[in-house]
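Quick one: the structure is below, and I'll ask about it shortly.
Chains here go by letter, A, B and C, matching the order in which they are written, and residues are numbered from 1 within each.
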Amino acid sequence: MSSLEARIQRLEDIHEIQNLLGRYEYLHTADKQEETVELYAKKTPGVTAEVANWGVYEGIEGIKRLFLGLHRMGGEKALIGSMHMHTLTTQVIEVAGDGKTAKGVWISPGHETGNNPQGKPEAMWAWLKYGVDFVKEDGKWKIWHFHVYPIFMTPYEKSWVEAPPPDSTLPGASTLPEELKPDRPTTYFWQYTTNVKCDLVPAPPEPYETWDDRSVA
Amino acid sequence: MSSLEARIQRLEDIHEIQNLLGRYEYLHTADKQEETVELYAKKTPGVTAEVANWGVYEGIEGIKRLFLGLHRMGGEKALIGSMHMHTLTTQVIEVAGDGKTAKGVWISPGHETGNNPQGKPEAMWAWLKYGVDFVKEDGKWKIWHFHVYPIFMTPYEKSWVEAPPPDSTLPGASTLPEELKPDRPTTYFWQYTTNVKCDLVPAPPEPYETWDDRSVA
Amino acid sequence: MSSLEARIQRLEDIHEIQNLLGRYEYLHTADKQEETVELYAKKTPGVTAEVANWGVYEGIEGIKRLFLGLHRMGGEKALIGSMHMHTLTTQVIEVAGDGKTAKGVWISPGHETGNNPQGKPEAMWAWLKYGVDFVKEDGKWKIWHFHVYPIFMTPYEKSWVEAPPPDSTLPGASTLPEELKPDRPTTYFWQYTTNVKCDLVPAPPEPYETWDDRSVA
């Protein structure tokens, strides 16, 4: 049985991690991309962010390309009438016995609104899952490995059963400016279609003692 | 570093606050308005509740006007076929270092069903955010400042992009019986329309030591 | 005031219970039925699971009939294109003062996709509530009494106002193979229709000292 102090610390860690990813969601919707970058680890090697079929962005430079670059390709104008909102539910968090890392998964009901190719706002239901590894730097929890797993993204007028089949790579990826491209291709792709089965990815984390390379991201 | 006992207390506070606002949601759906009033602070000056574009209700007398009065204008009959359900997700809670107050924000997927002007039940998706300040009275957490921030409210058959533009004041406010009117006008109004940007209101709270007038409500 | 150690234990209990029901949701979507059975109490009398209008399954043998039997009636083939996803929000958990049992309620936005009678996948929004009693066995929390309370289940193209009225018993119950039948009829049935009122079932639990037969399930 670990000391009382260590047990309290672990409970505080869980709360801080929940707040950390919660802050991400509010910042994300409000296009606070600089503040979002600050949520990521700065001193720990191996930082990654992988969103759906967009590929893997590596290191803090990759995180900046993803949030300050790719997320802002549309410029100020694209923010008018757009809304990207994702929630955190069904939380399973495990903090390592050594208190240095943690893993968490969430199911995220949400919605996306943006201009369609005709320049008209289009509303979509967008459900996803998060699998995130965290690391503690100088006493503060940071995002270490971040992975957004799509469930479905469907125009409001159609269900996910009727939605067009997803691409396994980001549409237009080949014409992305070189400086916004991911470092590596997508590592895992699943999205609901009528001919697939549901899987256990990310699997909810099990208790663990020290970092074991069993990332949920 | 505060004492172990103070740190445990703070973790218990977080849990009690989560339960408190959770109870509000179940009571709200079941029209348990008397029990809802009991969740509010009774001994602390400055209690407020502000819902969307309805204006600000002040003091425990204002809370009673809002919940026992305004929420029950339709009478018993209006409860048949109606359903007002709001969830709590994406929780960010900060308890003051001194343990006397706390702040929390939530994103709330939900839905509303009520009779339309033709007396026919109408289903709507209603997403909102909560920004709530809490205060501890005699060892129990209470709601101090309560603010419901709308995101969208849209008839089931139409997306938020197609929904009619919201009013910035409660429809029919001018004909409300005097005794149900708010004490002050709405302090902040935002709701999704195709010509606005998303903002960071309420902003997720930052850690703080003692009440600092930076309300999330 | 209980000892610091007991208070820490209680906070750990809350976290473990949240993780436990969270794991259930991920396992459920991925058809990991054997792992789901493992979440239930094995050494405590009175285990039950009741889902909507399906009746009550009793004891660990009943739990196996429900998850390994009834949930798999469609066989492997039925998993293609199907998706059963339920989230956990609006959590209210109370752990008994004696630390041996606990109660929790949740509101669960979700969705169901499965083949309709014509063999075509059909998407439905499915909101429910959970009321669950938990018991600690050999230092680990387990599900003791599990009750899924439907709110609405409606084809994507229609709102809950337009949805066909629900049956109060499982459709086809009378032709279920004997070995898959529930042990007892449904104990409580409510689902939104345009002629009912919302109720407070399950009610969020109140703090309690020792198991008091006031189940939330």
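Rule of thumb we're sticking to: a residue touches a chain if its C-beta (ideal position, glycine included) is under 8 Å from a C-beta of that chain, and two chains touch if they have at least 3 such contacts.
Keep in mind that what you see is a predicted model, and the values were worked out from it rather than measured.
To overlay chain A on chain C by their CA atoms, one rotates by 120 degrees, a value rounded to a multiple of 5. Counting the residue numbers used at the interface between chain A and chain B, under half appear in both copies, so the two copies meet with largely different residues. Averaging C-alpha coordinates per chain places the centre of chain A 28 Å away from that of chain B.
Residues of chain C in contact with at least two other chains: 4, 8, 11, 89, 109. Interface residues of chain A facing chain C in the complex, by the touch rule stated above, are 4, 7-8, 11, 14, 89-94, 105, 107, 109, 127, 151, 159-162, 192-200, 203-204.
Interface residues of chain A facing chain B in the complex, by the touch rule stated above, are 4-5, 8, 11-12, 15, 18-19, 22-23, 25-27, 29-32, 79-85, 87-89, 109, 111, 113, 121-123, 156-157.
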